[in-house]
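Taking it in order: structure first as structure tokens, then the write-up.
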């Protein structure tokens, strides 16, 4: 089975301090200077795919893993690490466009890549990622490919006969589906999905293998019949101001602070319930 | 005749009352280890004998009475405050030990801006003191990564050091006086004066004693004007660690005192700097203090660095973002714990120091040997973060995947062999095997090599002050 | 500009879907009782109940076998394609968030997820939503009709909503529609929904600082002693310390209790968005610098366990008197 996981390296926005949140009209917040991380939902997607591939080796089913990102060369480090973890292909699409708020463009590039490769069974993507918070990429990818899609995925397992067992959250509870690929899986809050860490030995073995890089224009040319679909345009960004001003309770120790908290605040509030 | 567990507990209760004596199993388990054994701990495996109790002391008198009891009855005492030790110093290796926890003695006794000093009880969190001082325009100048969690007693007991040490010094340069209690119950106070020449400096018997000689109950440290508006951050990328060491040496030798002088290799730096360093070494300085001095220091550093064309200056905003997230708080600890359990990937550190002419050789040899000899490594790198006129430190960072072994075998399979390489190579080159985490229990096998002929002095301190050997057995001194 | 509302009648949260869409229509000032609501349902015995709370008076109830996005999408596209409305509104639950985007694509329209507010005139619509992990709010213009919006979660019921006197419903039966071909087998395990958290008056929320599963279990006991519902932040659920249905925040429950006691949570916007509608927020955290402390009404800087133990004792004492 051939699995493609799409991921994005994003700025760790919690690293920005209050004064860094400066916006002016629709100009972007400066995030260049803060640490990057793999978008947490994508990190889960990458790990779920590794979990799917590894026992498969034991059971005789070969799972071929590919990782794809649309990014500048800053993402190469992550791609190399993914190769060291067992991703056979690690591919980067280079685009000059501003993509934070352009999920349809991202989905078009992903779909173009899938069509070109023409041998993927499963596409696994985190359901949403920071900065844009668009929550559309996996859905639009499924539509462009005319494949089914399962959202809020929490676990993926092999099932006999080339099928895949997918667990996901739905409004009515936990749904388990045994499916016949192809399918797009949008990963939600998946427990136990922190990405494993590659060993130096594995990284070294992969060091010489170059990361495959494709220009976005090339890939679009290669799959010309995909639609252009400008969708929503960002007009303005504003900082969200939170209004509460906290009263800090002072006391000699925890029990004393608890007493003050209870008698001065909580007791009255509880009485109003 | 040694007392039974029950007898010990009732004797403790007799002195301090039931409220201060905790014997809940979960607390005892957690108190039998420190960060050195956190892999075992995270897997619910406790290999050390559980202490009989954890006693939360309220005052110096409590400490005195409890130590006296322990001394008379041969009960092993493990002194503790913030519980952030990394080298096993807080492990209870002796059956029915008693952990004396000073974290409830957390009063800031006096801040004296005129004499530029502050006095605190041992359980005062450094962060609490620092926050209070900053409100009135002062700072301790002490900023270890554990600042949000560590407390003053422990910081002094382990000879801790902070990220601004190149200007302010280590804790030994900050402590002006102390109160400590010795095993026989003797309460000793060293007064707070600018300097003395009345015999040896006995503060140093206490500073760094790691609970193996006495119990620190009160600490007075220097304070400094806090002038963050004058801070100037400088950052560079460069190819070789060797060049970086040369620059650090020149800055120190020329007599400049930046507060921060740090050199990261690409592997260690990757976590913080991979978004701009592109697999290069990173050199960081911060000049601080009165504006004239800060400006002059920064200018001089720029001139020194400019002599090395491989150094490329980076936008200060990258360095500022790093600087804003220096410390290690409770959230980081919790995050790390969860990640270790899920990925079986764990990281530790070993810090050493050496003279300028040896440091690069130690760095290269250790990195090379670890790469070749230790299995399943995922990261090995290091940084220099504290420089002196005659040398600098190296902080080795080593991460590995724990593969094919039980949680309780993690230390013998990975951590210990790693430490052994670094410690032995350092001692062989004439450096010191401990720069600022203390000896704890896991570097005692090399303590005699570390000291050489001067071990006589160290050994005699133990014989003199803790003849019954009740103070934190197995720490600094190999277990008898 | 005319609009339709699309709801999932198979979901146990149907009533929340109705109230949040109603509130959104009122706050956007586009309440049109003559607009149509489409409801997919699979339990014909309960269909009368479904018509009781709808945001509009004209209803189209479509019976299906069970809720599968692929089936619902194709029926919806087939029904609407000949004569689409200008605007479609979907609730912000899992089903609605998916449907809005995919349906828009199928009709050649444009979509936006997790919309907080809407402004429209004859020619265009502008919406706001949280971006940058909730640190910022963005205003967007949608370009092509039909505009398909899924709402942000946690839009609170509006007290002024007028009562609809009379509803008119038409029914279609599509229950014969077969399960999508790609599904070999399907099982549903009904979980305790997030409703308990979302309707609680007093919620205790635990963050990463609770450190482990044992502490979570202890927290459960303390919360029940306090008479509070218990929720957790994302790391706590993802570390497996707590079940996913206890998750509070952008990707979990959006709560609006009278009191929220936030223990050892850092308070990133993604989590804070889940509790910010609480009337009173109390934070207990060892770190005074953490965001939650600044965003709470009252904060205690200390170990949550010690404070909570004393609070439970005090409350217990008062109960016994």
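Here the chain labels run A, B and C in written order, and each chain numbers its own residues starting at 1.
What we mean here is this: a residue touches a chain if its C-beta (ideal position, glycine included) is under 8 Å from a C-beta of that chain, and two chains touch if they have at least 3 such contacts.
For clarity, every value in this text was computed on a predicted model and none was experimentally measured.
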Note: of the two pairs B-C and A-C, more contacts are counted for A-C
Chain with Cα centroid nearest the overall Cα mean is chain A
Expressed in whole Å, how far the mean CA point of chain A lies from that of chain B is 38
So, in whole Å, the Cα centroid of chain B is separated from that of chain C by 47
Dist(centroid_CA(chain A), centroid_CA(chain C)) in Å evaluates to 21
Chain C touches at least 2 other chains through residues 239, 266, 288
Listed in rising order, chain B residues that touch 2 or more other chains are 338, 342
Chain A residues touching 2+ other chains are 192-193, 253
Touching chain C in the complex, chain A uses residues 13-14, 16, 21, 23, 29, 101, 130-136, 139-140, 142-144, 148-152, 154, 159, 163, 169-183, 188-193, 229-240, 242, 244-249, 253-255, 257-259, 261-262, 265-267, 269-270, 272-273
In the complex, chain B touches chain A at residues 104, 270, 272, 274-276, 279, 315, 317-318, 320-321, 324-325, 338-339, 342-343, 345, 371, 376-380, 399-401
Listed in rising order, the residues of chain C that touch chain A in the complex are 8, 10-13, 67, 69-70, 93-95, 97-98, 101-102, 104-106, 110-114, 126-127, 129-144, 180-191, 193, 201-202, 234, 237-240, 244, 247, 251-252, 258-259, 266, 268-269, 272, 276, 280-283, 288, 293-303, 306-311, 314-315, 318
Listed in rising order, chain B residues that touch chain C in their complex are 26, 131, 148, 329-331, 334-335, 337-338, 341-342
Per the touch rule, the chain A residues reaching chain B in their complex are 15, 17, 30, 32-36, 74, 77, 192-201, 253
